[in-house]
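Each of the two complexes below includes chain A, the first together with chain B, the second together with chain C.
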Partner chain A sequence: MLSAFDPDIFIKVLINLILITAAIIILKRDIVSLVSTYVIQSFFLAMLALLLYVEERNIMLIYIALLTIASKVIIIPRFMNHIQKKLNIKRDIEYHYLTPKQSIIICVVIIMAVYVFLSRILAELALDKTVFFGATVGVSLTFMGMVAIFSRKQTITDIIGYLTMENGVLLFSLFLIKLPLIIEVLIIVDVIILTLLATMLAFGIDSTIEEFHTKLHPFKNGNVRPKQYNTAKARIYRRPAEVE
Partner chain B sequence: MNALFIIYGILNVAFVLAVSPLFMSIIKKVKAYTQGRKGPPLFQTYYGLLKLLKKEVIYSRNSSWIMRTTPYVNIAVMAVAALFVPLIFIPEPSSDIGNIILFLYLMALAKFFMALSGLDAGSTFGGMGSSREMTISAMAEPITIGVFASIAFVLKTLNLHEMFLNILKSNVIFADPVLVLASISIFIILIVETARIPVDNPETHLELTMVHEAMILEQSGRNLFLMEWSHAIKQLLFMGILINILFPWGMITAATFSASGLITSAIIFLIKATALSVIVGLFEASCAKSRFFRLPDLLILAFFFSLLTIIIEVFA
Partner chain C sequence: MILELYAGIGFSAVALILFFRSNKMMNAVSTMNALAHLILSGYVLLNMTLPAYYGDNRYFFIDHLGIYEVIIISTIFFFSAVYSKGYLEGSIRIGELSPSNTRLYYVMVNLLLSSMAFVFFANNLALFWILAELTTVFSALLIVTLNAKKNIGAALKYVFITSSCMLFSFIGLIFLFALSEHALGYGTLNWDVLMSNAALFSPKILFAAFALIFVGYASKTGVVPFHGWLPTAHSKALAPTSAILSGCVTSIGFYGIIRMYAIASKTPALTQASWLLIIFGLLSMAVAAFNMFSQKNLKKLIGFSTIENMGIMLVGLGIGTPIAVFWVLFHILAHSLTKGLLFLSTGIIHHQYESVRIENIRNLFKLQPLASLGLFAGCLAIIGMPPFAIFLSKLFILTEVVKATSSAMLAIVLLLLFVGSSAYVTFLITMFLQIDDEKTAKRMEKYRADIGLKLTIVALIAIVLFLGIGFPQYLNDVLTTIVKELGFM
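For the complex of A and B:
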């Protein structure tokens, strides 16, 4: 009834699934599911590399898949979850500039623009449709990660946005520009180190950059009073109401 | 319209009417398991419906003919809509039966009468439910139309029968990979239209949360039976669309029509629909009822994917 296994179709399905995970990363608010969405996205990328190996028989693709699984499905998420537990931030519910709904609309515009621009640039190469689709989604994913970075307030979500951007670069390179393995390895090492550094910074910053600013400048904006004083004052003001 | 189409009509509607309550129970059962309970027996929805059928109907003194006709309008509309979504056997596409726009209008008609009946008895809860339902519909309807438009665009037809036939004929799994995106949108529409959790809570009669339940609160006896039944049918129809867009395999066509084929395809459909019910149940168990004003978040996701479907289909 069904025809034989066709890797090309599954590659397209996986690219679509990666787009879905990117949209979820932009919309989701709790950090645990953001991290697991990132894990799923990276897993799809690894599967994509394996399927491309079936088509192209390039052994490097298998190494990329293995590296992706080791670093992005196992090491980085573990670290992120660890930090998330320590920071005890469960949700990211505040946004800069754009609400998730607006971000999603912006993403549609971005994807369309990427399609238009890439079709101009890549027209001479006369590429296969799947390659063109994969490259477009790769670039779009990079921009979607960027949207996540500048629309989210929590530092830990910004890191996930950054990791999504990196996934976009990997997707683009899988289809269009085959980088040497050594560079792929270096990129992944970079990503791991950067995640480590960024999460450590996030630990210092504690939650958002804005709060960190006030912490850094305790004497600015008349922010001299210690916290206890404020709460005590609040208690004094509340008391008469309770008596009534 | 040939004889085979008439056989299709009778078979499909009978099948839909018969099995639709089963999936309500399966979803409840899955939810119960995730919460560590045993849950109701698989045929509980049937027992519940039978019990309702035996009870007498009570009308409020303030109610008009709308209260009396709504259950019959609902079940009639759903039975007609059942002709549009082939579940076990796809006939040769015939005239306008299967037209997707007509299908959506039928759904809107049923919803319109349900909202009116909520207002009709003059109870506060009913009015509240109707008002909420109409607010959700105002948000969901454009998205629903957009989603189905994107599917029609990808499959190059407005006829549901022809859509499923096209996918079936392509003979490859995921005939058009873009449909993966569209199916997510349909899943969200399924959740919104059948009043499931993030949008509405089907298990409570708490005035703060109920939407669908509030509208049918004044219905009783066999009228309530008809309302509940038509709700189950509506759910099965949307599930049928989702299943057939992704995995229509196992269904027989006019060319391969046979009695044994019908039975196997019915069994295959039951398996597929059970799997989807489990997914719906797990999805429901995994999220909490969201605030009313956060609903656009869910719908915008459906909108995003339907728009992407069109963009990818045009460019790639």
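For the complex of A and C:
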């Protein structure tokens, strides 16, 4: 009955979907949907682990799926949404160095480079085609996360970039090796701690957000007040000079 | 048993700090904790048969390199703890530090010490990676003890650069695991197993793993081009934190590189690995040396000099002869102590002028003679003047450079060292010569440094001098054993 069910096709589809979520993370400006995209990406990863379990029957894959859902689909996104509401940043519109289009072009180049690199390096391990495809996307995802960090200004978006990188490493490891459970758990704990830390620090530093809002609405509140303030200040400073 | 003792000491220290309220008591606990680590490590080194393995999976072990590193960090933590009492009081007085943050400082210092000790005891490379990431968290929180926006920025930069680079290291570790699975039939990341079976691994994949792992560890070490976080973090943190960051935290990454290089040295991948280290070493030295020239901030200058020293150590390790590795190991010790001396002297200067920018420092010799002496001795020591400790390591590393490569390489290294040294000398001369006349000089009140601050500086000068003049035979034996254990001899 199950013979018609071929997990290999679903695995390939999921890998492609994960790649698409990474592209969305690079393109999107709206922070809420960035977090949701990350949740979807992590969910796909968990599904991938389950499908691999069907193929390999390694219990570790079930644990990894459960850990991924608990940490990356529930805990981290909840915390990030909470902080995001407090910070009240809706969009990350500024880009460093790269526009989204340039970033995507760079990512395509990266994927090709990773493919060439891995096919040379891993040839000796004689990997299955799907495994090789998964490994390539995994490493590419790590680089794509780095592009996201590199091209965005807001710390919250950088954190999503970092988390995408981490998902890439997980994807890569899913296909290649099975680490002991304790190590997997500790890695997840590490990622959670680092994310919490970075998010809290972002909360601390983003008092610059006021500046951000004045830039965004120059006609509402920005333009008038500084001028008055400056002239008053100038008068105070001019007086002693005149006396001299 | 020993590992439980280390963990027990660390946890009781943190628990006691959470219990106490006064700076004095929290400081006493920190000092005792560092001292206990030092004594325990001394005991392990003198009385135990090493290497000793722990846990069913042998995830932890204590070998000579590990315990040597723990002794170095405990010493630095001890001196910075003694120094911290007076320094934190001073920082609170000048309004730089909020009194409520002192507890955060002490908790993080002690957690960092414990996590670092376990980093050096990790036999499993994945565990090493996890613990190293944990040290990033504690160090970042130490940097934000000063609640300024610039500090938070520096901490974020540190977290992002090192954590993202460390993910590439993890990809390298996955390569290594897959490699062991392929060659041995079972996957492992235990260093001792990898070392003894390295010859079976494919050199091509091993070098790829080495290069990827190097990226992460290099970022923790502050190697160019992953160094962006280091000068900012060193200059923004409190002086004792900077001493710990420069003297201890950077050595975590370097320690990881040593372990990986030891595995690579058993295979034909050695030549490529060596060149990778030498190239990145030279690059770090060059970027650091030329950046040092333009510095106006004393702490940033010393921060860049950390990058330069990491560069020298990478070059030495890349040369890979037993003598070169021996002196690289000695350089780790000498560099940590000298950087401790430099940053702690700078701390007093910072409290005197509430700034470490060159234009604000005037009449330094008159106002702070001891800090001036510490800075002066530290600068001479770090640029490698005899009779200080670094002179020995630099001299012998350079001798090995010329023996193993060419005189052209020696010329490049010497030139870069010369540029770095002249940056120090220029800065020092300019700073010491900024003397006001009597009237204006009287205006600035002299900052009275606590006795703990003074004692630390005197002790550190003495140790750095002692190591340079009388190289102890016992240290010689320990370093030789480490070189043997790493398989270079």
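The criterion applied here is as follows: the second predicted complex is superposed on the first by the 204 of 244 C-alpha atoms of A that agree within 3 Å, B and C clash if a C-alpha of one lies under 4 Å from a C-alpha of the other, contacts with A are read in each partner's own complex, and residues count from 1 in each chain.
The rule we apply is simple: contacts are C-beta pairs under 8 Å (C-beta built on N, C-alpha and C of every residue); 3 or more make two chains touch, one makes a residue touch a chain.
Here the structure is a predicted model, which is why all the values come from computation and not from measurement.
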Check: Does the chain A-based superposition show chain B and chain C clashing or fitting?
Finding: fit
Next item on the list: Have a look at where A:27 lands relative to chain B and chain C in the superposition and call it first, second, both or neither.
Entry: first
Item checked: First, second, both or neither for A:158, with chain B first and chain C second -> second
Next item on the list: May I ask you to decide whether A:172 touches chain B, chain C, both, or neither, giving the answer as first, second, both or neither?
Entry: second
Next item on the list: May I ask you to name which of chain B and chain C touches more residues of chain A?
Entry: C
Checklist line | First, second, both or neither for A:6, with chain B first and chain C second | finding: first
Margin query: Once chain A of both complexes is superposed, is A:146 in touch with chain B (first), chain C (second), both, or neither?
Written below: second
Next item on the list: Put down the vertex angle at chain A formed with chain B and chain C, C-alpha centres only, nearest 10°.
Entry: 160
Margin query: Under the stated touch criterion, which partner chain does A:119 make contact with: chain B (first), chain C (second), both, or neither?
Written below: first
Next item on the list: Would you sort A:187 into first (chain B), second (chain C), both or neither based on which partner it touches?
Entry: second
Checklist line | Closest approach of chain C to chain B (Cα atoms, Å) | finding: 19
Checklist line | chain A residues contacted in one complex by chain B, in the other by chain C | finding: none
Notebook entry, point to check: Which residues of chain A touch chain C in their complex?
Noted result: 120-122, 124-125, 139, 142, 145-146, 149, 155, 158, 162, 165-166, 168-169, 172-173, 176-180, 183, 186-187, 190, 193-194, 197-198, 201-202, 204-205, 207-208
Next item on the list: Note which residues of chain C are touching chain A in the complex, please.
Entry: 57, 124, 126-127, 130, 133-134, 136-137, 140-141, 144, 147, 149, 152-153, 155-156, 159-160, 163-164, 167-168, 170-171, 174-175, 177-179, 181-182, 187, 202, 204-205, 208
Item checked: Interfacial residue positions of chain A with respect to chain B in the complex -> 1-3, 6, 9-10, 12-13, 15-17, 19-20, 23-24, 27, 100-101, 104-105, 107-108, 111-112, 115, 119, 129, 132-133, 136
Item checked: Contacting residues of chain B [partner chain A, same complex] -> 171-174, 177-178, 180-181, 184, 249, 296-297, 300-301, 303-305, 307-308, 311-312, 315-316
